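Accompanying notes for the structure given below.
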Amino acid sequence: MYPDSGDDSAVSDSAIPARDSHTEAARQERLEWLRTRQGTPLAPLQPMRLHADDLSNNVENLIGAVEVPVGLAGPLVFDGTHASGSLYAPLATTEGALVASASRGARALSQAGGVRTHAVSQRMTRAPVFQLGSLGQAAVFTDWVGDHLEELRGQAARVSRHATLVSVRAVMTGRTVHVVFAYETGDAAGQNMTSACTWHACQWILDRFPAETSADVECFRVEGNLSGDKKVTYHSFLNGRGTRVVAEAELSDHVLRRVLNTGRASLLDTHRIQRGGGLHGGMVGNDVCIANVIGGMFTALGQDIASVHESSLGHLELEPVDEGVRATMVLPALIVGTVGGGTRLPAQHALLEMLGCAGPGGQSRLAEIIAGFALALDLSTMSAVSADEFVAAHERLGRNRPPAVPAVPADT
Amino acid sequence: MYPDSGDDSAVSDSAIPARDSHTEAARQERLEWLRTRQGTPLAPLQPMRLHADDLSNNVENLIGAVEVPVGLAGPLVFDGTHASGSLYAPLATTEGALVASASRGARALSQAGGVRTHAVSQRMTRAPVFQLGSLGQAAVFTDWVGDHLEELRGQAARVSRHATLVSVRAVMTGRTVHVVFAYETGDAAGQNMTSACTWHACQWILDRFPAETSADVECFRVEGNLSGDKKVTYHSFLNGRGTRVVAEAELSDHVLRRVLNTGRASLLDTHRIQRGGGLHGGMVGNDVCIANVIGGMFTALGQDIASVHESSLGHLELEPVDEGVRATMVLPALIVGTVGGGTRLPAQHALLEMLGCAGPGGQSRLAEIIAGFALALDLSTMSAVSADEFVAAHERLGRNRPPAVPAVPADT
Amino acid sequence: MYPDSGDDSAVSDSAIPARDSHTEAARQERLEWLRTRQGTPLAPLQPMRLHADDLSNNVENLIGAVEVPVGLAGPLVFDGTHASGSLYAPLATTEGALVASASRGARALSQAGGVRTHAVSQRMTRAPVFQLGSLGQAAVFTDWVGDHLEELRGQAARVSRHATLVSVRAVMTGRTVHVVFAYETGDAAGQNMTSACTWHACQWILDRFPAETSADVECFRVEGNLSGDKKVTYHSFLNGRGTRVVAEAELSDHVLRRVLNTGRASLLDTHRIQRGGGLHGGMVGNDVCIANVIGGMFTALGQDIASVHESSLGHLELEPVDEGVRATMVLPALIVGTVGGGTRLPAQHALLEMLGCAGPGGQSRLAEIIAGFALALDLSTMSAVSADEFVAAHERLGRNRPPAVPAVPADT
Amino acid sequence: MYPDSGDDSAVSDSAIPARDSHTEAARQERLEWLRTRQGTPLAPLQPMRLHADDLSNNVENLIGAVEVPVGLAGPLVFDGTHASGSLYAPLATTEGALVASASRGARALSQAGGVRTHAVSQRMTRAPVFQLGSLGQAAVFTDWVGDHLEELRGQAARVSRHATLVSVRAVMTGRTVHVVFAYETGDAAGQNMTSACTWHACQWILDRFPAETSADVECFRVEGNLSGDKKVTYHSFLNGRGTRVVAEAELSDHVLRRVLNTGRASLLDTHRIQRGGGLHGGMVGNDVCIANVIGGMFTALGQDIASVHESSLGHLELEPVDEGVRATMVLPALIVGTVGGGTRLPAQHALLEMLGCAGPGGQSRLAEIIAGFALALDLSTMSAVSADEFVAAHERLGRNRPPAVPAVPADT
């Protein structure tokens, strides 16, 4: 049943060469080997502006780099807690119409007086799990953990001075007790530092809890999948993971008509209908297409692209006010950082600097800028749907054939 | 309440220059303008291997490109419906340990005889919405749509020969009726072509339904947010959007110990515990970190990075068999294509060619390769958690300080 | 580890007497035994109007009956596909204010011209599961099942003439293939008949599939938990289980003010806010308190009370129209029947007769009546919240102390 | 558009008589009126053991009572924090096989040494909402509320001495801030008392916050639908509403075979498969059919039947141990109380007394008993599916025709 090729030798000729080496020579060796082995030219991978030696913390088995084109969206006028003034968003994307649509939304928001933003809080979570020897012990453990926040905070502080343990919550699911550690991590996204902090704090638990209570921890895992790392979960949506940020603006019917080619009533109708569609489809959150902004800005700004999955949750609310609408975007779980990871790469770092997000406080500012442009894009796209221009816009700007002008207005 | 800057002139000095121009000169003009305006060097954005003129369908307001480093994971032996032999995955990432971990999982799977894969089906959805004049008319409309699949298929076929309308489902939510159009789109992801097909088919509905029934369509929108485009929804998870693909393998306890440093019992415990954590956290699906593979391969291979959000859903199942485990990965909603969008960019296209995914049938093959590597990574990461090596591995390969060797085994 | 009391004798003195007997004498014997054993009078259980012998299909180990008081809500004017005229809802409940609030909502709807209702469709599902010998065989099986709808329909028809197999959908999750059987079951809720139909159809599959394909079904279970029976699932919400029914009405600002003590603007505000709260809370559907109507009518009318769990999903939509609001309620998964189960009990049957739901077509009519009153209650409760009367109403009608009159209006 | 019948006079002949009267005479008057008006005998509603005058806090417009038959399940041996010894569960139901199946599961658990139970915590939530004058004010409000827990606790304490405010959490969603008040409510389910406490505490907020901060609360609602009252939400599942309770037991393969007619391997297979089915179906939690026990015990014991909806969430975990399995049931959100509401009705109260749940501490004890029987039923039902006896059991005990003995074993 288990065909076992004995050891690695059986696949040795297929092993990627120069393992553990991060030099340019190693990269070239791998590329040449791959070219030969696969019989494929790979010429576009040959050149690279990045320096292989600088990437040892970023990637293994480096063979080159892909370029993702960056378009500039904006300007968008901000009046936020951490972001203000007229700002531009670099969006790395290959999807036509995205930058144009985000810019159109930004124009509407700016003409309406700008977008107000506020980064509410930041949390990075890691959730180790302990299986106890009995249900009774698990109950004792659950209480014990809750009583030792200060000690755990001290243990975490020994590992990192950037991560502050904010809360610890034990969730008893039988003998198995998940413990949600939540940290503030300053300008870092913080997944790695909080993993280390949590692991070390758990060593302390594994040492002290049995000694104090004569109870057994039968099984420990540093992550029991309750943290939601790299996944979409209601836990992250409700209780927060990453940065929670809100953006809002009021737009008059006049601005909606002039810039977005729709009107208050039509836009509110679209919102109501799309909200209903999302609800019936079992959507987590309810937005139009904020993943476009989050994917584009994450890529341009050296964020972890995998985190686009869990970060692209949002709630777009439209509220009728006076002669216009108030639009609000909530992003409850935006995993962003302005230090570490890909933020050190030259182009990415230059773009962070251009946004004013490279220094202290950059993380909250970045979150607010993303929220503002997410609101801009969603308003523009929803307006295009309202005005029945959505398909035509994509046909004109995207990869399809020449547009067919819609002959039938949206509301007939 | 609505501060209105009158017209665009008020922000004209802030307008991005050379709008609608896709030349290199236009790019340089924008870059220079941005540099001056923001007082930031942006030097790393200056060079670019891509040709600005080739990107007119991919991005607006181009200012340059970011390079994302690509590491090579593998080899992974495939025995799939569309993918077979020893294959390598290019992962564009800035997160240390990812390529190494995926490679380790691939080694385990390969030594266990390889991974079997099967692309089950492919669907692209678009869900327009119609609001009728009364509840009775909505009921009539709901039935009418269901009775006209053939005609709608014909209308869609007039717009694209690549998209085949497979089914139409009307969901009555009062006077408002959402209609889910589901297409097969060959090697294209298909969002744009199905939008166009659907819009044109809806024009036919808007023309014919009132004529045949004397009923009113009071309001039409080409998308009512039930399609799940760019969102995580249970509709996509259950009913499919993009490609549904499965991957499975059996691994003996021997292979688990030798390659993954864990054992059958410990791994099954971890799986049970993480499954429970995911359930209690309200996770959509249940996996470990497949977003890493999906983000890395999407970026390297010219897929729409924004689609990482909706595509990174999965179900990792572990089943005890004989002296080992059977591991199965289901990806229910993988938005991939091998034509269009960013797949034309030189490096991305070269990597698609290297995978053998650039020609006909490429889409199913690509989906299977992604599923195989997603399984590999999840097994490796879960094993690291099982063996209590997760934190140490990240400290060694990632961006943190030198590792602290875990002094306490996982199961004490 | 497994304390095993050997056989039943160890607990024989604790065994409930008269097992398998459904006579009144058996009931009295059990009651006396319980009274003695537990040292508790149980006097109120002694009398019972039901006849023990009639309950052999409804309950085992009968000891008596609890009375649940029934209040009458209404009248509510219906203008529905199956329900019309001025109708009253019997609500079995012990919670003060429920009947009064439902009646108030009914008065508002009736003064507004009544509620329009439409039962859209009815589906009962059962989802057996098959584990195949290999991934390839599972793929074959998935297709094979899809190709044999007619034969499966024939097999199901041999078991019940009331259940019609409408569709069969195979969901491949690796070697394991879940198959969703969906039936129309006329006036029965249909859980039991469809279980039998499905089991027998599966015997046919287990016989024919291996013979035709030389493939192995390694494991069969008549239910793999995908049917959603007795659970809240997005599958039921999206794809339907039980009856899907909608109700709608328009209410003028005048009626809202006179009957519900709120106004259009305030009610729309409350709806928007509550919709947002539900979204942020991860609510399945979005309503105010329809479980009250569903629990009350299910209990009064002999429905399966356990099905209150899965049936109480709904979507309340409010839409501004002219000088009022249009309110729509969608109940996507209402498990109701008018034959079988508790519908034969005398009082329950009398109340079904009173509603005109005891004959053919009763099931759709019952679903519409429930939807109408669900809309009525939700409007009334939301209005009470709008007018800040919610707490006062419960203090006056419920179980608490005398009301404190709210001194502060809602919108200050 | 709004047909308005002017005032109540237009429907006066259809108005239910004797409004606001809770006498037996009033009940008879209504019944006679209904009988005449609807032309339906309603004879079974005439007699009633309950006294109309005692029900003034439980129901309005009383017309009678329905009897729901009660079967006795058990014995089940408990070894819990609040429940111990051999106990019986009264299940009010009309669905054949339920009591028998729960009893079978109880027998298996008892022979395995009994079930261990632990009520972890109890929380009742109410979530008012405040809309502020600006985003900045909302941010101030969010912090302000967090800083005034003690004062709010004092305000709540003025209203009820049974409810203790445990925590207050402000969730900023733009200008709109939802505030989750969580209380411990002793032996009461506590919905009404916490509504009153919360409303009064909010009056204090509405008075003090503007005075202290010069900010405006533009809109207040006592409930913004984040509390999850009467709804299924992930908020309740994750963060708790009602009582969180766990139950566990180990069962040897021997007991599984002798009592449940299945074996360790087959049962674990079924669990794995059903867990997967639940996951793919978008199930909230993962269990087999605990709604049956919760519906049956809630009805028998005077709980709010409408709360069956939100309470029937659970997680059934099966874990292989030695030669058997450990089974664990978590019920995260069980809305139970042993005072107030329907617990005062004679038969319901007698059954609570029989369970020893009528006095202080009754609430936790009741939760543990429910959890134990929920585990018993789920094990029995899952075993019947494992042994392919599920359909036969329902055919034998339920409402259908004579059983067809399954000719094909489950695992062939």
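Per-chain residue numbering starts at 1, and chain names A, B, C and D are given in the order in which the chains are listed.
Throughout what follows, a contact is a pair of C-beta atoms (placed from the backbone, for glycine too) under 8 Å apart; a residue touches a chain by one contact, two chains touch by 3 or more.
Chain-to-protein mapping (UniProt): A, B, C, D = hydroxymethylglutaryl-CoA reductase (NADPH).
On a predicted model such as this, the values are computed, not experimentally measured, just so you know.
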**Report entry** Over-half contact-pair match to A-C, picked out of the listed pairs A-B, B-D or A-D
**Finding:** B-D
Report task. If you tally contacting C-beta pairs, which comes out ahead, B-C or C-D? Let me know. Result -> C-D
Query - Computed distance of Cα centres, chain D from chain C, in Å - result: 15
Query raised in the report: Using CA atom averages as chain centres, what separation in Å is found between chain B and chain C?
Result: 37
Report task. Give the residues of chain A that touch two or more other chains, as numbers and ranges in rising order. Result -> 173, 176, 234-235, 237-238, 275-276, 280-282, 284-286, 315, 317, 330
Query raised in the report: Given the complex with chain C, which residues does chain B contribute to the contact?
Result: 81, 116-118, 120, 134-136, 138-139, 142, 172-176, 234-235, 237-239, 244, 246, 248, 282, 315, 317, 326, 328, 330
Report summary line: Touching chain D in the complex, chain B uses residues 234, 237-238, 268, 272, 275-276, 279-282, 284-286, 315, 317, 319-320, 330, 332
